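Each of the next two complexes has chain A plus one more chain, namely chain B in the first and chain C in the second.
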Partner chain A sequence: MAKFKKGIAGIFLTEEQVVKAAHKTREMGFTKFEALSPYPIHGMEEACGIKRSWIPYVTFIAGLTGMTAGLLFTWWTSAVNWTLNIGGKPFWSLPAFIPIIFELTILFAALSSVAAMLYACGIPKVSPPIIDKDITSHKFAVFIPHDDTGYDEKKVEDLMKSLGAAEVKKAEF
Partner chain B sequence: MGESNHSVKLHVGKFEPSQTMKTLAYAFLAIGLIGFVVGLLKNQDRMWPAYLTAFFFISMLGLGGLFWTVLQHIAKAGWSTSIRRLSEGMTSFIPYMVVGSLVLLAGLKHLYPWARPEEVAANPLLQHKAAYLNTGFLIVRLLVFGLGIWLFGRAIVGNSLKQDANGDESLTHKNLALSVPYVLFFALSFSLFSVDLIMSLLPLWYSTIFGIYCFSGMFQSSLAFLILLMIYMKRSGFISGYYTIDHIHDVAKFMKGFTVFWAYIAFSQFILIWYANIPEETEYYIMRSQNGWTAISVSLLIFKFIVPFLALLPRGAKRSESHLILVSCLILVMQYLDVFWMVMPNFNENHFTFGFYEIALLLGFIGLFMMAMMKFFQKHSLVAIKDPRLHEALHHHVTY
Partner chain C sequence: MMKRNQLVLGNKTLKDITEDIVKPVETLPSKQWLSLFLSAKVLLLFYISMIAIIIANGMGLLGVNNPVAWGTMIITFVFWIGIGHAGTLISAILFLFRQKWRTSVARTAEAMTVFAVMTAGIFPLIHTGRPWLDFWLFPYPNQRGPLWTNFRSPLLWDVFAVSTYATVSAVFWYIGMVPDLATIRDRAVHPLRKKIYGILSFGWRGTAKQWSHFEMLYMLLAGLSTPLVLSVHTIVSFDFAVSNVPGWHTTIFPPYFVAGAIFSGFGMVVTLMTLVRIGFPQFKDYITIDHMEVMNKIIMATGLMVGYAYGSEFFIAWYSGNAYEKFAFINRAFGPYAWSYWIMICCNVVIPQLFWKKSFRRSIPIMFTVSIFVNIGMWFERFVITVTSLHRDFLPSSWGMYAWSFFDTGVLVGSFGLFLTLFLLYLRVLPAISIAEVKPVMNVGKETHGGHHG
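Let's turn to the complex of A and B:
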């Protein structure tokens, strides 16, 4: 598929090396690079310069939407469209509707968060190219795409080697 | 932010309370004693409810400290090791709680309708409940609860203190083995404790969720207090490096979670009673929805849930000490008001009074709590310095 970018990947064998490499890569002025690891590494966000996720805002707004929807829906069904006398209580009895409003708040917030997360991660990704299959078990990588600022094949290869990469290769990601 | 703590210099000093703090504690205690004695001589009907409110409020902080401690043992938590001693310090109030609950026995007749023989004689329902609600059995329950909590607490905190000296790792395992039965014991006995002391003020009324309601307020408020304690110890320079804003952030997440939990439980109690609309159950809320009490009921909803919840929602809010101080203080004030709201309408249905006795007794118990903790922290290290999981706490940081 054409949407994967060509570039150069350095394979690293330890966690410390890849964090240092990501840090250095960022210092060199690259912005579109990716660091790959089989598991989350503390300090990687800062090393890569990843900003805070925007997903919490989606959650919050979706939650508010769900709340409003629940409020309007219970009001419209119980007090406007189909009024029922339940235990002599007013048609519009807020306490009775709080559970529904609460559930809708949670439902909207949760589903939207998952959807936003999938979107942000670009999932599902159909058969992505494999840089090195060991990245899923015990190796780490830093990948710099060809369209990043200041990309130069020779320069990037030297950079990776100087950072202690066990292997430097052309790859797609 | 995400910097590892390797480079930070670890320092834990000897805790020495400032003169002002000592003076304050003694002054508060003196005011409390004066209030207690004056009330005993002049107006027992005013004094005992005030005593119960203040006693229950402060006891919750001591019990909450122990609950937090055992929770960390059960979860085998590493990140909280460096702050565990602070919550262990909160448990130093527990012996005073045991004594305080026994002092309460002197005022039973002024507090509980079921303890007044003439009222029991006039009410067949109370006679049916007398098998449970009688002074002798109450004393047994208070002793089992108080001594049980005290012995468990002494063993669990004691093991942790022993470890400071010898670094024996088996003590950590022992604490896990003690913590699990403690939680079971606590769940049952604390429910009965809150039923006995607060719910039976209105002996014909019952709510099966009452114990959990008290628990939720207890945990919420003790987390707020723990945050204040952490910030205080950090700012006054007794501890540095052992815990950072990341630890405070995580305790603040707990506090937000249990703010929601309190609201959830409070609403669960309310909605069933409101929906079923059975006279013997609605009594409790009717008393609290008229005269001056409506304002307090509504303020609980707003200031014990909505405001703290929104104020703790953004990440930055949970990482700002000055912001957390404000929210924690608000939660503590609202917890006192919550206990006040549970106790007082049973005595003053028509209006509420907050005067000399309430203030004096509250200050008295605060003074006692301060003294107990100052003594504890003067005697012991402020960090569980040889805990085998301490290194995890030193590497703790919160990612996004």
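Let's turn to the complex of A and C:
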């Protein structure tokens, strides 16, 4: 993942402009472009054609795994591997094991979801190139990489300018 | 139609918001911060020496004895764990309820949770008496059988609940901070600062795809934290309720403990927020009087729930017809520990009633004072539950009193040193308000934009 792509970025100053720009860029047939913003924007996913995140599936499966692990572990340790008579309670005391099973469900689900998010976002990433240092503060950007369908420097620059970009520059991403 | 109040005051631009929030991180500390930090640090050193002396000499230094075998360690553990709950309530539960006002207080409340749970976690570890054997609390393959832990014990449930809670809330807090750490990274001038925040921010860039996954994860973690936080204090209450001691063995304990935890936690949030507003005046535009008022309303509501629980316990003690239960409650209110009971009632039920009046809810000095009383009252609630139930149970021949010692005071007071040191450091090195979360709600309540999906 260490290689970064060259391309052209348009810097925008408002939320409305960047959403419109992303929408237009997608309409022009570009598929590998990125829209950058300092905060999540309503409608940006639709504008970029991003599908709903798949992380919930990971959460669900990890939760089920945690639950099964908790169930099997409490059962195996208490009723199979080393049985102890505690206050005459049954070796397999399911109701008393539910808190443990529940906590493990949550723990597995939460940590796996975080791992899935890191994977999905391609982070942690060492020193990724930054198009403009203000993009994490108050500016927005649309970046089109050089290997995208129908990429043409002149065309892309004109497109960005027509969309109201405050600045158009060659960048690496 | 009801008009919404503005969530962010002062007609800020996006740039203003970034600059306001990262200012404490990028400037040198003020004299007030330094003096507070040094005091907290001294208190922390005192705490460390207290713990060292107790571990070196044994639990006998504390007031625990027979019959009162649970004392300051358990009381203060429950106190700190309870404080943590308000942070998760604000960051997770209010998020699921789409309460937009939560955005500006969520980060700091969640930080409070993480530090409070860290502070709390130390107590049961020392309470075991031989903390160097604390790894026995976890089930691991060993050469004694293997002898596993007893999964039927509420104390073991607590090990799992508190460690899961600590892990998940720390992760939730940190992941929410990643985009803001990237903001600090990109603003950094000094290469070392750039490097440190570059590592901390994982190389976050804020692409639409990243935001899409990030928002989904945030919602999932909020959804997972919500049942988790309710389970944690439920399980803490099981430590008491699963035993058969009169005054502990009641089914009301889980909801009563959860309400009390949220009550005490909001008390601490208000205490800290009033101080943060004084220390960092630019935050007054984000943590407005409206925010404080809403939290005071929650304090009043949960205070009433706690008051209802106190009443209900008394009613059941009479209605159950159980002589021991009845005695336990009469003893609480009129026995040798009656003073602690009435301090609790006064701080938790009577004083928060001031908040019925709107001008009191919006007055910083009044809310600060009330929040301090809430903190005191909730510590006494746990004292009342733990000590008064144990000191006189079934057999009058085995009645006794808790032998409060200097070391009890030492660990109680000292634990604030740990908490405040962590909290003060947090205020200076991490963004104390969520930059990326405040920006989308900056126009809520403004004439031109309107919160169209509010």
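Rule of thumb we're sticking to: the second predicted complex is superposed on the first by the 171 of 173 C-alpha atoms of A that agree within 3 Å, B and C clash if a C-alpha of one lies under 4 Å from a C-alpha of the other, contacts with A are read in each partner's own complex, and residues count from 1 in each chain.
Definition applied: contacts are C-beta pairs under 8 Å (C-beta built on N, C-alpha and C of every residue); 3 or more make two chains touch, one makes a residue touch a chain.
All values derive from a computational prediction rather than experimental measurement.
Student: Which partner does A:74 reach: the first (chain B), the second (chain C), both, or neither?
Tutor: Second partner only.
Student: According to the stated criteria, A:53 is in contact with first (chain B), second (chain C), both, or neither; which is it?
Tutor: In the superposed model, A:53 contacts both chain B and chain C.
Student: In the overlay, answer first, second, both or neither for which of chain B and chain C A:43 touches.
Tutor: Only chain B; A:43 stays clear of chain C.
Student: Examine A:99 and indicate which partner it touches, taking first as chain B and second as chain C; both and neither are also allowed.
Tutor: The answer is both, since A:99 touches chain B and chain C.
Student: Contact-wise, after the overlay, does A:156 reach chain B, chain C, both or neither (first, second, both, neither)?
Tutor: neither
Student: Where on chain A do the contacts from chain B and from chain C line up?
Tutor: Residues 40, 42, 45, 50, 52-53, 56, 87, 96, 99 of chain A touch both chain B and chain C.
Student: For chain B, which residues count as touching chain A in their complex?
Tutor: Residues in contact with chain A: 1-4, 267, 270-271, 274-275, 277, 313, 315, 395, 397, 399-400.
Student: Which residues of chain C touch chain A in their complex?
Tutor: Residues 13-15, 18, 139, 145-152, 154, 156-157, 160-161, 164, 167-168, 171-172, 175, 178-179, 182-183, 185-187, 198, 202-217, 220-221, 224-225, 227-228, 231, 235, 238, 435-437, 439-440, 453 of chain C touch chain A in their complex.
Student: Per the contact definition, I'd like the list of chain A residues that touch chain C in the complex.
Tutor: 22, 34-42, 44-45, 47-48, 50, 52-53, 55-56, 59, 73-74, 77-78, 81-82, 84, 86-87, 89, 93, 96-97, 99-100, 102-104, 106-107, 109-111, 113-114, 116-118, 120-128, 130, 133-138
Student: Going by the contact rule at the top, pick out the chain A residues touching chain B in the complex.
Tutor: Going by the criterion above, the answer is residues 40, 42-43, 45-46, 50, 52-53, 56, 60, 87, 95-96, 98-99.
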